[in-house]
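Presented sequentially are two complexes of chain A, the first with chain B as partner and the second with chain C.
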Partner chain A sequence: MKRRDFLKFIGIGGVGAGAGFVLGKVSKPPGAKLIPYLIPPEDIVPGVATWYASACTQCGAGCGTLVRVMEGRAKKIEGNPAHPVNRGGLCAMGQSSVQALYNPDRITKPLKRKGPRGSGDYTEITWDEALKTLAENLTELKSKGNSDKLHLLTSPLSGTLDKLVREFVSAFGSTNYSHYGLFQRKNLAFANLSAMGTASVPHYDIENTKYLLSFGADFSSTWVSPVNYSNGYGKMRQGAGERGKLVQVEPRLSLTGANADEWVPAKPGTEALLALAIANTIVEKGLAKDGGAWRGVLSRYKAKDVASICDVSVERIEAIAVEFAHTRPSLAIAGDSVSSYENGIAGAIAVNILNQVAGNIGVTVIPNGDDLGGGRRVDFSKKISTLIAAANADKVKALIVYGANPVFTTPKAAKLEDALSKVPFIASFSSFMDETTAQADLILPAHTSLEDWGDDFPDPGVGAPVASIIQPAVGPVFETKSLGDIFIELAKAVGGNAAGKITAPNFAEYLKSSWKELYSRNREMAAGTLGFEDFWNKTLQNGGWWGPPRKRTATVSARASEHLTGGPARFEGEEGQYPFYLIPYAQTAYMDGRGANLPWLQELPDPMTSVVWGTWVEINPKTAEKLGLKEGDMVNVESPFGKISAPVYLYPGIRPDTVAVPIGQGHSHYGRYAKGRGANPIEILPYNEDPRSGEAALNSTRVRITRGGSGERMVKMEGSTKELGRGIVQTVSTSEFKRMKKEGV
Partner chain B sequence: MKKLILYAVVGGIAFIIGYFVNYQLFSDRAPVQPINFSHKIHAGDNQIQCQYCHIYAERSRVSGVPNVKRCMGCHQIIKTDSPEIQKVASYWDKKEPIPWVKVYNLPDHVYFPHKRHVRAGLDCKNCHGDVATMARIEKVSSLQMGWCLSCHSKKEVKNGSDCWTCHK
Partner chain C sequence: MSGFFERIAGKLKSYREPGYYTKLDHKWTMVIDLDKCNGCEACVVSCYAENNLPVVGKEECEKSRAFSWLRIERYVEGEYPDVKVKFIPVMCQHCMKAPCETGCPVYATYHNQDGLNVQVYNRCVGTFTCATYCTYDVRRFNWFTYKWPKPLEAQLNPDVSVREMGVMEKCTFCIQRIRAAKDKAKDEGKDVQDGDIKPACSQSCPTGAIYFGDLQDPNSVVAKLAKSPRRYRLLEELNADPSVIYLKRVMGDGNSSHE
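Up next, the complex of A and B:
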């Protein structure tokens, strides 16, 4: 070997070894750090979980929760097994509340608008400045004698928080505090008020029902109190005694419908007539428990007259009527698809009459008592139309919004955004940039329910008094404030009457004294406790207080029949031009759109279609064939009020004259996971609010379907609706079966 | 051409040697800590029990890094003139935790509770070595799965070789 080569080898060897050494160095993970506590908190052992009992506020059902907290961070939420509403269950929305807590798109500090409205151009300000600005706006209003021009619009708040807000608004001198949202079931409440005297949904004892006739109530996924009903349904089907039967009447097969023994796809809008015809058949056949008072009214709804309108055969109506009356106890319920028609109240009353005739009231229909006085108040005089009219008439000088998102949940035809542009000052207390908050001039972000105090008196509850407590499971993650504290501090800053009335130092104290009052007037609560402090500690430990069941009954008042319309529901759009009924429905994960900003809910496959991260249009395969559409094709869904685009999903579980679109997507704001995804069917609905209850009629337009451009791809978990010869479902024909039976195979 | 291949082979071998020299001899078995803390002085010379500082070992998954207040409990008075103790005091004054470097690191897919091992009467020495003689703490066990299993089988731990015992 030459000297030259030797040196070359040395050089190459050196460079190689050096490179290897450096690679070895950088490929090693950096030493993880062990960060100790400065001073260890007494109640935290690192690595050991602490569970806090609280209540879920994602929807109005009021399920009890247990929050698993480690080192001060909420990690997991489970249902509270001791809570009578959910008995340990918790739905996907409840599970996802941790993602609301840690959401990367939360508003973390108070914001003040810099650019034009809706531009999203905000500057961060301090809490002192934010409260001062808001208080100044309100005091100016007051000094000009315009106190009543303050409007407050919130999601249905419950219990003590609702009491505090009510107190603040009235002490300030305004009467304009209203709850707003889709699926408030105001039509049901109104029907129950006129029929049974209580403005709320009664407790339906599904557990002990043997024949459940559901008119479009998707109680296992979105309707009123899904976890409670699903639990009851499980026991109805597989509990002690004979297996109960479920019959579902709805134009679009929901998850509940898919579980039913029978699906009755009545023509949309005719469910009220069908219910009355069933009731009439029961009375005519002499099977009624209590039909005397109704004979006259019902005689107008003969099965043979109604059958063709409803598209259900006379034989089927009669068979259902006989089985409903004979199977004891039975139960009929009116769900969202019935109460969302323009004649929703009539539909709900018809179902009440059916229950009365079959003798179910007081047996499986237990009217609500609101024993503890904290239940959600339904105020029929407060409507979104009231706010729009007031804003257009220059009667809204300041608007405070929390929880409600009317810009997203009100049809474009209502021209809400125009009305809002006339309001000189809008403040939002939301910690998420939803479509309504994006219109705000000032944002004071409130805690999520995992960081805040509160209470809930579930309505409809369980036929027993229930009071749940909401306690902070974790310290605030960002610079947000307790919603109650915002109102208390605002009352102090505004001064005058409000400051005189609300004297509690903070909301935690306010809540505690409110419960002290409740305790002092309730003997059942006091029983077995050593004074209030003992009761309070036990309440915090258990997640609330619940009493023994109450047996209540009522009689459906004959006067309720004045709300019956006598015909099917009306739909906007002429049949020739707009051939399909549109059913926009609450989807399991997104509900009214509130769940769209949580990735867990976005990636949760829809239980019926398995679609994720988007909107779809459900069309019957026969209809699609006629229109020349295949699965995944983009279509325009066009009503007299506008147009949206989404891909087609071929769904055999829908009537050929009906199309359905889930609500919840199509956000223009609301964070990275929701924004610019799918379409919002509410946009193309007519502005059709029931003048009596204030509930929006969602199912009240016809649409036409036209082929759309290329666009969004539909992502779904399932591959095919066919078994493709894989023999997953084995079938034999009836004749074959008879032959096999005869031959004893 | 032949020469080029030879160069590549020599370079490659050197590369591998360099990599392993780093990996074996320059490992982080005894990383430099923000404070030059000596277990020899505390656990050795002064005979302080492990769980006096690692307070959660018997109650939790983790044994617990001593909180800064625990250090200052003694060192407000003891050896306040030492520059290392003054470093501890300066963390305390700034109300900042001390960023110790982790020596025993298990991946996330391993569930290891100190509690069970301590309660079973296992001496800390079994895994952490004779820390009473270590001026700077040093990793003495591989923490590889085989190492865990050999002890589990030797001590006849119930379900000790079941996957779900540690991977859950």
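Up next, the complex of A and C:
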């Protein structure tokens, strides 16, 4: 670097970062001036914070955020109090996105592979060269008539970015653009499509629910839209009305289960039967709001027949049914305890029927409508198995990956890595060296969401149309590019149809014109604005646009009962050899593994076990005693498909015939904080993909536990799990609380 | 005119009035509703981000040297299947009769006019006395000078000083936010209004379980909540007079469907 360049760089780095975005237009960073503070950029006052309204992309929930920026650097991310999804709150993962932005292990420049695949041996190249290489590869594909052999695999993108990628792919002549994620909840979407006609998770009005029956939905930590649900939960417990009750059905007590008034540890895989037995009891007892149509189907699921299969007593099933039907309004949520099995669709439909019978649909279950037309599209025909099969049949000549990390999140049994080795050209747009990116031949690192433009149409919605805007809060920290810009530049470089179709100069302009179109279609948006520019400025200021709640209802279609399976879910591994059910679960901090590279999240004690920086195996103390295991002992968790090792954590909140392992650790790449730490339970799962929805069942194998194996020891932050009579967390009983409320004290 | 002078004179002599030294400008108080708290730990990360808490790594965590100013304690009662789990966020309780303040030989920790238990990093010589005296185990010691690898340090909050080896630290109730709100109110010629100040934990809490405000203001949310029959304070029998008020968790009795 020449001295002159160095000085320029200092100028840009110190000031330009983040300051360069005049409303509505990406301008050149003002740091291009070498004496920046003489004429300071408009939104930088030393010592005074600037706040940008944006949206979080750490998971799919789409919470609105406010990013605090000082001197061009992002300092803190807070929930946007005005945003209808999160109403000011923001979860641990969302807060940590600043550490993703400033991660020391980000890919700072485009890279080209030098050594063999997976060796991590890359050379840095310029953006021009990178785009040229990629375009050449694609043009070659096209000239040979192999356009359809280009595959794109991304995380579930929504809104304008999704639209742009779709346009690019179809203009290029390929049909292979798929979304992939471990927690895409495709079973839920499929079940809701067949039951209620919309392929998405409906809005659950937890706030106004008085009896919440959750089938393993860990909505306090990771399930679908945790901040939105938690907000509702707080109001359900201590809001204006009567205190709502929470009953959790799951084999392993999750964070949400830990807050429940009652825990129903039904046998894994039988929860759907339990839901149907509850529904049947409601119908039989004449408590159903809408029972007639379901009497026939449900009569096969009598509480007395199902009780022993589920390991829940008849009395308890009946009591839950009566309370569920009598307490108005009630709500049943189909979480992982019904939807993560091999018959997950049946489970989710069973819960739909239960809600229908109790008269909750349209009351606490508000079906989604894609009011603004930008929601996440679920395409059930796009499966990871299709990609694997295509790759094995030499039908994938080029693969572009962004946001998804299938090498980490698909079981070894799916043999994805073998398939990828047959793909001659893999490009990744990831800014992190995750396991999939490590297989790439060319890496074009995209911005993180704090540096990029975008929008999000939260799905599940919140019963109201919501469109959030994502705007750059800071300038690029490294030599990365906006994801949208990569596609636009690629379209130009590839030429032909793609160049003709995508004419916007950059993604910021593309986004704006897409919103202009949205604005012209939507009369509600137009109300109270002086035209589009005014609306756009307000949108950037508020972090998006949202309308008033929409009342919607649906009737669960009787045909949905076709998908019911009648029996408990199947598990791989014979019971005699593999005596324990394995529950791999999404952990608060790491989710599907994406949080493992952020130091705050690694050091965040797990809410249930207080373990930090590692993986553990949750075993019931009684089971451990039988196996002669103590806390911290290393064990092998072995399924018919493989073996991992991790230390034991004695957890009374788990069935004695079940063990649980958190997902998220066990990375072989992904930066200094994640690499080589803990174990990945997904590795030992079978590959049980539902042919209808394309979702692979997580809870679908039995395992055996043997002492031994190697790995890091367990570090937990807690001392004792007992209060030892100190009255630390004091409680009042429900009846006492009712008395307090009545007396108005 | 004479009234004006009297007022000035009165102000000058106010130190002679009884109770002057115990009277507070504000009494910042936190109320935590344990029936809302679901233990998600969003507040913990928020605190790390706001207050420049270092991450110490696995080995140091094992020695109980993690920096969490705010932690969620989790207690488990009973055996399978009758397991009851309870959560409680614990941070510096800003005791009005703080044991830590009596021990410090250099007055690094003292009580200020806002009712806060404050820690002056520049005075602290690291005797560890306060941490030993603390009833709630909320004080954290800098055993080393912790550095973030570049460019993670760009995230550090310039409103909060970065501590060095040998210094004790703890929750400040986000004093930088209190200061900022007071400065702003002063510039506008008003008093701080209820709701102007939200510590990081309270701001991020998804369930809205953490309330913050001035207990001396009878109309504040915390003053109203502090009268709740569910109110209690942590280890109250020790008489440290903490400024954090918890509202008891409501826990199911009479589980209609439970044997």
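In the analysis below, the second predicted complex is superposed on the first by the 679 of 745 C-alpha atoms of A that agree within 3 Å, B and C clash if a C-alpha of one lies under 4 Å from a C-alpha of the other, contacts with A are read in each partner's own complex, and residues count from 1 in each chain.
We adopt the following convention: a contact is a pair of C-beta atoms (placed from the backbone, for glycine too) under 8 Å apart; a residue touches a chain by one contact, two chains touch by 3 or more.
None of the values given here were measured: they were computed from a predicted structure.
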Chain B versus chain C as contact partner of A:265, first or second or both or neither: second
Which superposed partner A:643 touches (first chain B, second chain C, both, neither): neither
Touched partner set for A:302, first chain B, second chain C, both or neither: neither
Chain B versus chain C as contact partner of A:512, first or second or both or neither: neither
First (chain B), second (chain C), both or neither touched by A:112: neither
Touched partner set for A:47, first chain B, second chain C, both or neither: both
First (chain B), second (chain C), both or neither touched by A:734: second
Which partner, chain B or chain C, touches more chain A residues: C
On chain A, positions contacted by chain B and by chain C: 47
Residues on chain C engaged by chain A in the complex (per definition of touch): 33-36, 38-42, 44-46, 48-50, 55-58, 61-62, 64, 66, 68, 71-81, 83, 85-88, 149-158, 200, 203-209, 229-230, 232, 234-235, 246-259
Interfacial residue positions of chain A with respect to chain B in the complex: 5, 8-9, 12-25, 28-29, 31-40, 45-48
Parts of chain A lying in touch with chain C, wherever the complex brings them together: 47, 70-71, 73-79, 86, 88-92, 94-96, 98-99, 101-104, 220-221, 226-227, 230-231, 233-235, 237-238, 243, 245, 253, 255-256, 258-259, 261-263, 265, 313, 315-316, 318-320, 322-323, 477, 588-589, 599-605, 607-608, 610, 612-614, 620-622, 652-656, 672, 712, 715, 717-718, 721-723, 726-735, 737, 740, 745
Partner chain A, residues of chain B touching it in the complex: 3, 6-7, 10-23, 26, 28, 31, 55-56, 59-62, 64-69, 92, 95-102, 105, 113
